[in-house]
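We just call them A, B, C and D in the order they show up, numbering each chain from 1.
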Amino acid sequence: MSEYLLQMKNISKTFPGVKALDNVELEIKKGEVHALIGENGAGKSTLIKILAGVYTSDPGAKFFFEGKEAEISKPLDATMKGISIIYQDLSLFPNLSVAENIYIGRDSHKKPWTKVNWNQIKKIATKALKELDMDIDPSTPVEQLSIAQQQMVEIARALAFDSKLIVMDEPTSSLSAGEVEKLYNVIDKLKKQGISIIFISHKLKELFTVSDRFTVLRDGKFVGSYDAQDMTEPKLIQLMVGRNVTYEKNQATVEVGETIFKVNQLSKEGNFKDISFELRKGEVLGITGLVGSGRTELAQAIFGVNNPDSGSIELYGKQLSIRHSAAAVKEGVAYIPEARQTQGLVLEQSVINNISLPIITKLKNKFRLTDRKQEVKLAEEYVKTLDIRPALPHLDAGNLSGGNQQKIVIAKWLSTKPKVIIFDEPTNGIDIGAKTEIHKLMRKLANEGIGVIMISSELPEILAVSDRILVMRHGRIAGELNVAEATQENIMHYALQGKDSGKAPSFVAETNQMSQGV
Amino acid sequence: MKSIIKQKEFSIFVIVVLLSIVLSFVSPVFLTFENFLDIIEGNVVMAILAVGMTLVIITGDIDVSVAAATTAVAVIIGSLFGFLPDSWISILILFLIAPVIGIIIGAINGMLVSKIKIPAIVVTLGTLNIINGLVLYLTNGQYLNSTNFPKPFLTFANFELFGIPILIYLLTAVAILTWFILKHTLIGRSVLAIGGKSQSAVRVGIDFDKVKLFVFAYMGFLAGVAAIAQTAYTKAVDPNGLLGVEMMVIAAVVLGGTNIQGGRGSIQGTLLGVLLLAIMQNGMILAHIDTFWQKVVTGAIIVIAVSYDQISYRRQQAKLAKIEVEA
Amino acid sequence: VSGSGGSSSGGEAEGGDKAASGSDNGELAIAVVPKLVGIPYFNASEKGAIQAGEDLGVDVQYTGPTQADAAAQVKVVEDLISKNVDVIAIAPNDPASVDPVLKKAKDQGIHVIDWDTPANKDLVEYSVKQIDDDVFGRHMAKKLVEAMGTEEGEIAILTGGLSAANLNLWIEAAQKEFDENYPGIKIVTEKIPTEEKQQVAYQKTLDLMKSYPNLKGILAVSTPAPLGAAQAVQEKGMQDKISVVGSALPTDSLPFLEDGSLDTAVLWDPGKLGALTVAVGKMIAEGVEITDGMEVEGVGQISVLEDGKSIIMGPPADFTKDNAADFNF
Amino acid sequence: MKLSKESVLGLIAIATILLMSLIAPGFLSSNNINNLMFQLPEFGLFALGMMVVVITGGIDLSITYIAALSGVGAALMLINGYPIVLAILVAIIFGLACGAFNGFIVSKIGVSPILVTIGTWVLFEGIILAITKGQSISGFSETYSLIGNGYYMGLFPLSILIFAFFVIVTAVLLNKTGWGRSVYMYGSNEVATLFSGIRNNRVVMKVYLYAGLLAAISAIIMTSRYNSVKVDLGSSYLLQSVAAAVLGGTKIQGGYGKVMGTVYAVVIFLTLSNGLNLLGVHRAIVDVFIGAILISVLTLNFFSDKFKQKKETTKASKVA
């Protein structure tokens, strides 16, 4: 029988507004670690969800498992074939114990009345946790774990199954270097047992350390599969991005002017401590750091949805007290959240209604009623200027692709004529084209004198766009760098300092927990 | 660190205990074994329904047709009484037929919820109207008393073991069975899983529709059992006897710490919830509270309890959100 | 007494279609509106009314709300006005609330009478009463004292609902009776509502017996209440210690009367009341004058009070273990 | 099929009316039309109030008891000889107070609406009992009774004009004001509105206040129409108003709901029950019909939505 464990042929997937996959193929050999790579939004997770039976692909797809043609129409089909998945956005049950979370799904094929064997559950769970040598009580409800611990539990679940194929969708995205190390060891062990692994990551170095072969996706299309030995980083990036490597530099073109925005000694218990920084006219301030370093919490504190315990904020020398997002809007502080689909947009409402939301109470006609004409005009303007596609402002926001959805969020906030905008992971899950547009836009805004803060976990992006860089670690500012002196290495140094940075100097790409979902 | 559930159960437990202490001071009879039995037996029907409702609410749904369904079954078995022989077979037959009818009603709800995706509250509101209407039309509210009940049924209804009425054993059986299902069977865990995070449930291959169908069918099953209990308790069939009970059932379940958004809940808690409402009713008269103020007190306690519960739940969540900050 | 009522049973079905066909060939249309449909008491009166309809050859339409809600009842009456019936006989849930709609009916030239519960005197041509409320309340009180066999002691009062007008009237009357003639009787607490449910009455009675250990009597008004009270007494074997008297139908009461857990059920034949209502309706529609002491077929001798409006069916019937079996309602 | 949910419902309403005028004797009699016009407002106002709450993803099970309580308020003023205006004012104040209480616990404490309003339902009922001792309060002035029974220009019932007024007000508030838009947006995704500078608490508070107001207006009409008030005034409208809102196309999870849809639904229910009564159908069967219609219409919606979604997906994927 064939050397291939799994073959997927002409896989396509259409979402409302997005052709996420277009005639993709994927071939996995027995006992290999196969890297699946591509930009954000390339379609990796979607492909995986199809393999998992969570999404059904558009007609015409073919699956071969262990040489035989196979059908995967529902998750159970995949499970029964010994395919287990580590989901990028996790698939845990907050209300259930670690033990049960690890075990659950094994019995899905059995009769509903099957008795659950708690002892076996405990045994299996404990064993799996041991392999990753984690010491957490298996009876802890998952909701009480940190994101990193939760990701480990998700991994432990995959190990606990006696799988033939384990898919890891950005498994290390929020792990500390130490935990990453453990995972590598496990992967080696699995390979020795002849278990195949599909490994998805944005960290190239990591990919080269673990993978035997690569499959590259670009904008939902299949680029090719290659052996690791005849592959180099630059070549890989070339294939991924389809054009020259890094983002073109985007730094300040105008003279950086006076301080417009100031944060003094901002603290919130269990979130961040003693945060102080300044933002000057004409510059883009980048904030980066590991996941859970408190960047989002900080941004949301400034924006008034996560009120700090102490500290103060100044805008153009004026003391602000923002205890609610409404106040933020009034003062001209805007926040573009990382969780686009849950916090950023009302998906089941029209593009128009989304764009006008923050200023809806101000769009009044002479009868002091909502001025629909003006509202529509506003929306159409932004659709034009930001080139939102499709240019149908009456469509529900949910029907647009990631990048265009993000543009709607931006339009929404531009409509408030803000003095300061905080972008939180602005390009997460959107394709390269939209990405560079957004970078240009941020720069343009800065040049117009609007204060721009960009939170990002993607170092190339940080280095490309920001003029000054704050690195956060465990809720504090660990360091400040000028882009001139900044390199991936010294940023990493600040971000990881004090922890065992082990190997894996590569950086952590933050997953956007909500952005996709079945 | 044990799960929040326990804590919620605990808080209601405290309320019950406090209330009992107060009542035992104002009235000597409150703490008597007899009074206790009366309280429980008087609320067996409510408790059985609440136990079923717990599962429904854990999956994040709701069923407002339970009282109607129970009445429907009661009326049907009432009309059967005429034909049943005066032998123990009758009891057997009842315990076969009643649950089956209940399951059918429940399954219809379940189908509409899981397959047609109509929100549970709407579906059950509809079936509530339909069932009540039909019952009223067919029975014309005709009230059946025990005269034409088969004798064995009356013996069954009055049966006591160690001075404890049979209905209390029935409730215990239902409670244990349901607890066991919820805690020790695959389907039971799936119920908790779906309530916890439906997306994950789908991903791990849990059959969403099947579980929902099960939950409503089981609710129907217990409605059938409750119908027998009701008939045995009142020794009569009164088509109007349970009007409006569904709301109190829901209140009891939620007071018992089951989260209306789904995912959390336990049988233990629900039983405590029922007990709380029961003690309140019982206490009203024992505590000589003026008739006209009793509802005010009941309403106030419900509002306070659910608010308190929500506040403590929020505190919990806030704690969980924290991240470690370098000193 | 029961003979006429007796014949009514079974005739119902055939009565149904006769009534249906009746409306076509221009018979008198008499609408009888109970407080609500679907409770035993009003079912019994329905039987009587329909039966009388057949006997008297009029088209009786017996319809009411499914809840004892004033708004719902007014709707029913309004729809009846649209149907242009000749007579509307109403048992108002909330007497005042039907004033406007009854006016409307009169303006349409529809004859309006009330039955079971009085509506606004100025609007109705006649007021058909089973019995005078005051007499009835006092009668129940007397019966209770009788059953208790002593004029001393604690009693409690159960009622169907706190907001039922006629029940409240009876209870007031009973209380008057106790105050005036039986000073030894102590009412331990405010009247206790039982939601018109036997089960609730049962539980409340259990609680009462506990919180008032030397309770001697229970007065239970509204038809399910006495049954619930009796059931409690029966189960606790207190037949000899606690007397229960109330307004209930004999057939329902039977099992409790037999063992003395219910001492006396006081009521009238609701069927007869229905029949009388229909008869009165027919007479006014045909302009027949109604006089005190006149014989009404199937009902018996009726009395008309001085006001010339209130028609009293007759004294209440006391149902005891000796006679209850003879009744069919 | 280009018709909106609402217009389809409108057609169904017309169909029901036609059907009834064919089969139900005296349905078209001026007198009966009158009845319908007098019956519409009180029910319609409840349904509108319920709809607004449901658009936020909530529900108000205390609405009819709010009405009864404000009715009691008005009644007490009237029988104590205060001027009508004052009585009306008190009724409205009571309604708003109850609404505020619900609104506070829902928006500030964050308890789920169904629980809050089950609690307040019992609570308000209790308060009424405590005030009225269960007795009905009645006997108001002729002038007051005009509100519910009077005509405008001898042609239109006053009450239906009041209703029409509030239909328009509700439509304007929902579709032409920032609050209204926020209500819909909140109903679809309250996190997003919070992250867009919307004060969710106020939006929700106002929603329950508005429901309270409409309940109070309904109470004024009812008390005037029935010239009396009692603890269970209008209680039979509770579940009906939820049914009407949902049948009207309002999404029980929130985010969608149109005034006209609800009005059509109310018309359908009223026509149905009125017609069936004229036909001499047993009252109970009317309930059965209401339940059946509710479920079958939603089943239809389900399939048509499914169909529509398919089309949209393909359309969108083409343009994208």
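In this section, contacts are C-beta pairs under 8 Å (C-beta built on N, C-alpha and C of every residue); 3 or more make two chains touch, one makes a residue touch a chain.
From a predicted model like this one, the values you see are computed outputs, not experimental measurements.
A.B. asks: On a CA-centroid basis, which chain has its centre farthest from chain C's?
C.D. replies: Chain A.
A.B. asks: Of the pairs C-D and B-C, which shows more C-beta pairs in contact?
C.D. replies: Higher C-beta contact count between the two pairs: C-D.
A.B. asks: Taking each chain's centre as its mean C-alpha position, how far apart are chain B and chain C in Å?
C.D. replies: Here the centre of chain C sits 35 Å away from the centre of chain B.
A.B. asks: If you average the CA atoms of chain A and of chain C, how many Å lie between those two points?
C.D. replies: Those two chain centres are 73 Å apart.
A.B. asks: If you average the CA atoms of chain A and of chain B, how far apart do the two points sit, in angstrom?
C.D. replies: Centres of chain A and chain B (C-alpha means) sit 44 Å apart.
A.B. asks: Note the residues in chain D that touch 2 or more other chains, in rising order.
C.D. replies: Within chain D, residues 129, 133-134, 282-284, 287 contact more than one other chain.
A.B. asks: Residue numbers in chain A touching 2 or more other chains?
C.D. replies: Residues of chain A never touch two or more of the other chains.
A.B. asks: Touching at least two other chains at once: which residues of chain B meet that condition?
C.D. replies: 133, 136, 292
A.B. asks: Just spell out which pairs of chains touch, all of them.
C.D. replies: Final set of chain pairs in contact is A-B, A-D, B-C, B-D, C-D.
A.B. asks: Along chain B, where are the residues that touch chain A in the complex?
C.D. replies: Its residues touching chain A are 1-4, 184-190, 192-193, 195-197, 199-207, 210, 214, 263-264, 320-326.
A.B. asks: Mind pulling up the chain C residues that touch chain B in the complex?
C.D. replies: 37-40, 43, 46, 66, 162, 189-193, 196-199, 202-204, 206-208, 210-211, 213, 224, 227, 231, 251-252, 254-255
A.B. asks: Sort out for me which residues of chain B touch chain D in the complex.
C.D. replies: 62, 112, 116-119, 121-123, 125-130, 132-137, 247, 250-251, 254, 260-261, 292-300, 302-303, 306-307, 309-311, 314
A.B. asks: Chain B touches which residues of chain D in the complex?
C.D. replies: Contact set of chain D toward chain B: 59, 61, 105, 109-112, 114-116, 118-127, 129-130, 133-134, 239, 242-243, 246, 252-253, 282-292, 294-295, 298-299, 302.
A.B. asks: Enumerate the contact residues on chain B facing chain C in the complex.
C.D. replies: 27, 29, 32, 34-35, 38, 42, 133, 136, 139-143, 145-147, 230, 233-236, 238-241, 243, 281-282, 284-286, 288, 290-292
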